[in-house]
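As written, the chain order gives the labels A, B, C and D, with residue 1 at the start of each chain.
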Amino acid sequence: MALDQQVELVAGVFSRNEANSKVTGEKLFLDPSRVYATYEEMAAAEAALPADRRIDFVSIVTPNNAHFGPSRTFLEAGFHVVCDKPMTLTLEESEALVEVVERTGLVFALTHNYTGYPLVRHARHLFQSGQMGTVRKVLVEYLQDWLMEPQEKHGSKQAAWRTNPAESGIGGALGDIGTHALNLLEYITGDPVCEICADKSIFLPDRLLDEDVNALLRFEGGGKGVLTVSQVATGEENGLRLRVYASEGAITWSQENPNVLELARHGQPRQILTRGHAEYLSAEATAATRIPTGHPEGYLEGFANVYVGAVEAIRRHIAGDPMKTSEYRFPTVYDGLRGMQFIYSAVESANAGAAWVPMKVRKKSEE
Amino acid sequence: MALDQQVELVAGVFSRNEANSKVTGEKLFLDPSRVYATYEEMAAAEAALPADRRIDFVSIVTPNNAHFGPSRTFLEAGFHVVCDKPMTLTLEESEALVEVVERTGLVFALTHNYTGYPLVRHARHLFQSGQMGTVRKVLVEYLQDWLMEPQEKHGSKQAAWRTNPAESGIGGALGDIGTHALNLLEYITGDPVCEICADKSIFLPDRLLDEDVNALLRFEGGGKGVLTVSQVATGEENGLRLRVYASEGAITWSQENPNVLELARHGQPRQILTRGHAEYLSAEATAATRIPTGHPEGYLEGFANVYVGAVEAIRRHIAGDPMKTSEYRFPTVYDGLRGMQFIYSAVESANAGAAWVPMKVRKKSEE
Amino acid sequence: MALDQQVELVAGVFSRNEANSKVTGEKLFLDPSRVYATYEEMAAAEAALPADRRIDFVSIVTPNNAHFGPSRTFLEAGFHVVCDKPMTLTLEESEALVEVVERTGLVFALTHNYTGYPLVRHARHLFQSGQMGTVRKVLVEYLQDWLMEPQEKHGSKQAAWRTNPAESGIGGALGDIGTHALNLLEYITGDPVCEICADKSIFLPDRLLDEDVNALLRFEGGGKGVLTVSQVATGEENGLRLRVYASEGAITWSQENPNVLELARHGQPRQILTRGHAEYLSAEATAATRIPTGHPEGYLEGFANVYVGAVEAIRRHIAGDPMKTSEYRFPTVYDGLRGMQFIYSAVESANAGAAWVPMKVRKKSEE
Amino acid sequence: MALDQQVELVAGVFSRNEANSKVTGEKLFLDPSRVYATYEEMAAAEAALPADRRIDFVSIVTPNNAHFGPSRTFLEAGFHVVCDKPMTLTLEESEALVEVVERTGLVFALTHNYTGYPLVRHARHLFQSGQMGTVRKVLVEYLQDWLMEPQEKHGSKQAAWRTNPAESGIGGALGDIGTHALNLLEYITGDPVCEICADKSIFLPDRLLDEDVNALLRFEGGGKGVLTVSQVATGEENGLRLRVYASEGAITWSQENPNVLELARHGQPRQILTRGHAEYLSAEATAATRIPTGHPEGYLEGFANVYVGAVEAIRRHIAGDPMKTSEYRFPTVYDGLRGMQFIYSAVESANAGAAWVPMKVRKKSEE
């Protein structure tokens, strides 16, 4: 949010503990009267302020079990929402949230931040524009090793909630990183997964949620794929990598080296596309870039692009000219629902011994 | 064979067509009387020569349907055999060949050439020596794109027999490259696949055999994995790549850059091991290296190492001091049988809609 | 500045044209009364404000010929300064600026932003802590191609001033990127260049300043090196790369892939150090990192680290407890002077047909 | 030689010690009567054999001080010669050898083996065919670290002669690897170095010859360059790397990854050309390739291509239809002379404190 100076942080709840929340608010130079004890209090108090003084939107960056309540509450109070993924604790909550968003007509953005990278947007453009042909094979992986020690037993709050079903839901790695992998591949190819066969594993004692999942995918368009995620893959840091082999070409993108997109065509030299080249990149990619080629952009810029998109939609809504969901340049409540469907389908498959399970594909008319 | 000058080519059958065979023999500077029309003729004629004049072993480099007959015939005639993979056209033939090899006590080497790379041997050493701990996740892929055009319709002999079940057997990409992928991973980890769930695809019209397969794997030791192969993966050349994530470390090796082995350990800098460093590589790796570090070795040297191993065993046999199979430094008839079990299990799984199928693990006592 | 939310932009001059300046100020949500027509006006007006209302420091991001005047003016008015590099138009101006900074005792930070990358700081730590031994060979390069077309003839303001001696000074690529290369190598090794032999080239017609320079270096510690820079190196984007070969090890760092530092030691596997690993990186590196390993940081974070350092020094100064220059965690006025000495020495060498020219090494006592 | 089965080793001198030579000959399965004590004896004895029984050519793989004598002797005895580089111990010997080769009209091939790599040949094609425009900047490096320990004091014969001026001549790294670097760049660009400014260093005590050299280059065509070589560059193995930036494009090639050639053009995606693609590589590159793309070739295949070229010329000579030197597809006696000119010019420059020294460019008419 800070990066583009379009948004000013003016109010918030920063901890379940009110005193901690106050301290954080002070460090952030906030007006103490707008540092709240609970999200319910905040929603009510901000809604009571004059229109030109109250917040425009809220950003929800809490564990999964604290997504739905705040989202619904702020939406019902008339505020737009930007929320972390996975969207909710349960599939039912996601379905309920779709209803709230549709009814209120407010902006709801989900921070699948990897869609914000310029070369991810260019990859999407290559598929949408028909230059790649039909998808035949997708290999998507998201590999980390940060949970290969039982950090949750040694004071890590991040590890504690992510390994706790009460806070994370039924998915472990599936929810935390699997949803990113699914979102990335469907965002780029536009070809949804229609069936999944997922084999999940837990290697550390006392863990309750999946640490590692290998899944076979089938796509609506007839292609096949593999999705593999792990948080115990020794030596991996944040290895989200996507390869799509289509009839007319193939692309490779890796989050750890995000300024590069490889494009291969049969019988031709592989091409290395790099961020910032308006000469050959699509307008979508160029619009998502801040600095010249060769000066690396990273994780924060990708994240910021999701906020830039949300701010655009919020401004348009405030101006009385709201965008349609299909015009949104950021992941929506439907992407959030899709992620929850993925978690539930994968867990259902895994619990059946890695059997094939359909993944309902939302119809365009449903959006 | 040429590389190490331990073997001299002195006789052969070089074509199904006798005239072509003669022409090739002449180009190879062979004695015309030892250029034969059929393998049966060759086996009989060479066996009739005095012991110091006849061939020591035969090398079989024909399509899959011409592996079993020649192998059995030469073995029965008292000759050692080096044979291409997959070992035979059918699983039954492989089982029969195991019997012949065991009964004759002769050397049978299978050219899973990728086991010949020095850093593959070092990777195996790392697992065998216990430095890697328990295997948790294996990602093996073998991706090519050379069959994404219907080359078999345009005169390619290589494409013609590989896409023809009568010559290739029931596996397409599975047999041609999948067996390499399986062999490589089991060779390195020593942890056999015990269950497989394979989804196969054919994208080009008129093709009868699998072009692309994605499979989930389960290992005897409790780990999980993915095997993915394709001969229609746009832009891929000969992309055999293996990643193994184990409890104490992880390795990455890629056939297209074979002089490098990456070794990762949790919380430590990734290490780049390079061929030729006797200071830190195992004796097995060093023994398989010909030239100094930084001077790249490639495909031919790896292949040659299989021959070096076979020649060692053949010399020992001739000297009356035969090696045990467990001492062989090359893939054996049991690896060949294993490859056929893999093809049959994968096809069985795929034909059942990608269901889980056990892959019988041979007992050590069976070897 | 925005990234860390430690600084708020409250006043400025944004163009030589007052109307343009006003428009920009409005876009930045500034109080119109603090958007000024000239820097002289701004310095005087801000100085006239009450202490708690006026700016704390000024950031100078203008062409080289507009560095010295504003820097001196704001310093004389009692304001701290953050300034772009090269520090001034001429060597004489830099010498004069050193005098002003020393006399006023105010903070002066020079944005050699590449020193802000965490792994650059770790590389410096490796040398400072004695783990690398004696420097033997340094290869530093900074290669771009953005000036290989005459952009200055087609409306590019960036190209126009950089190719104009009246705005850039006597160095072209030397000043724009050569000073970065020199600064980076001396920052990391701590071993100053003492002699230089530079060969400069101009390939495009009508260009007046060096587009490309190759230089031999000799270091005070006895090592040797090469510095090569170009803005017409076809296909290069922002290729600042440093390799240092020392008696006990070698490091490689590349700006385009800044989250990685390679460390080699004779006879050992090369190590790949990655950003964010507090387990094995130095405290300096860890302090300069914002997000977890594997989530790439880029150019902006490096730049922000220079600001973080400047803000730290400014806060300390405001608090009445100023830091010593030797404690500064950012490039200083002495680095700026060093850069100008480099430009002048290189140009002197090149003008003498690429003869050896001493590069005066500042004594520690002079700082 | 073994790789292509065009040449059979039938005679030789394998050591200065006759007994050792005999032992080696036996290991190579040679006729003992053709294992000689000295090269003089061998030349005389072979020349005395009937034409269809004697050797066709000799391969000289000795230290530099044993190149000229054997080369001259065998040539004078009517035998073709393949010889290691640098061509001779002194420049005078090289000049004399040119005379012998020209007078006898026999084939003389110099094993600058790096010219044998298919993608090096394609790079040359790109320049020769005019697709690259004018050379502006060349960066060539050849970096190793194998002499950073005093191996010559610990029994290494390779280190002993290479650090001994009596056996190596006046160049250390310059002769051993610098000549390769020079040869590679001139082979590819066709644009000869016309001036050099070389700074050489010795870091280990007791060493007499250069271990490390940095040199500025100027080319006949107006471009500039840097050549840097080292045998004490910590962590480097056999790092011969070439980058050429020309007006219409740039190429990058690295010996340690020889199956890849990068081609960059301003404002276009970088292209990764890989060995074996007849669809887009030149005929010269395709002719120099043995195995399919993606199956790596290495050092030995490159070396073998020099032999293939020499054998072609020798066959033509034997057949009474000798090739012209300009038709030779391997480095010639003139390349050898050029290498010695390079060593002498670089040493002259370095001894003058790294002053500019002309490097006489041979006229085409001189060939």
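Throughout what follows, a residue touches a chain if its C-beta (ideal position, glycine included) is under 8 Å from a C-beta of that chain, and two chains touch if they have at least 3 such contacts.
What you are looking at is a predicted structure, and each value in this text was computed from that prediction instead of being measured.
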Given subunit C and subunit D, the chains that contact each of them: A, B
Distance-maximising chain from subunit A - centres being C-alpha averages: D
Whole-Å gap between the CA centroids of subunit B and subunit D: 36
Chain centre separation (subunit A, subunit D; CA means) in Å: 56
Intercentroid distance (Cα basis), subunit B paired with subunit A, Å: 43
Residue list for subunit A, restricted to those that touch at least two other chains: 236, 270, 274
In the complex with subunit C, residue positions of subunit B that touch it: 263, 267-274, 277, 279-280
Touching residues (chain side subunit A, partner subunit B) in the complex: 136-137, 139, 141, 143, 145, 148-149, 197, 199, 201, 203, 212, 214-216, 218, 224-226, 228, 230, 232-236, 245-250, 264-266, 270, 353-354, 356
Residues of subunit A defined as touching subunit C within the complex: 2-5, 28-29, 144, 146, 236-239, 255-259, 274, 276, 290-301
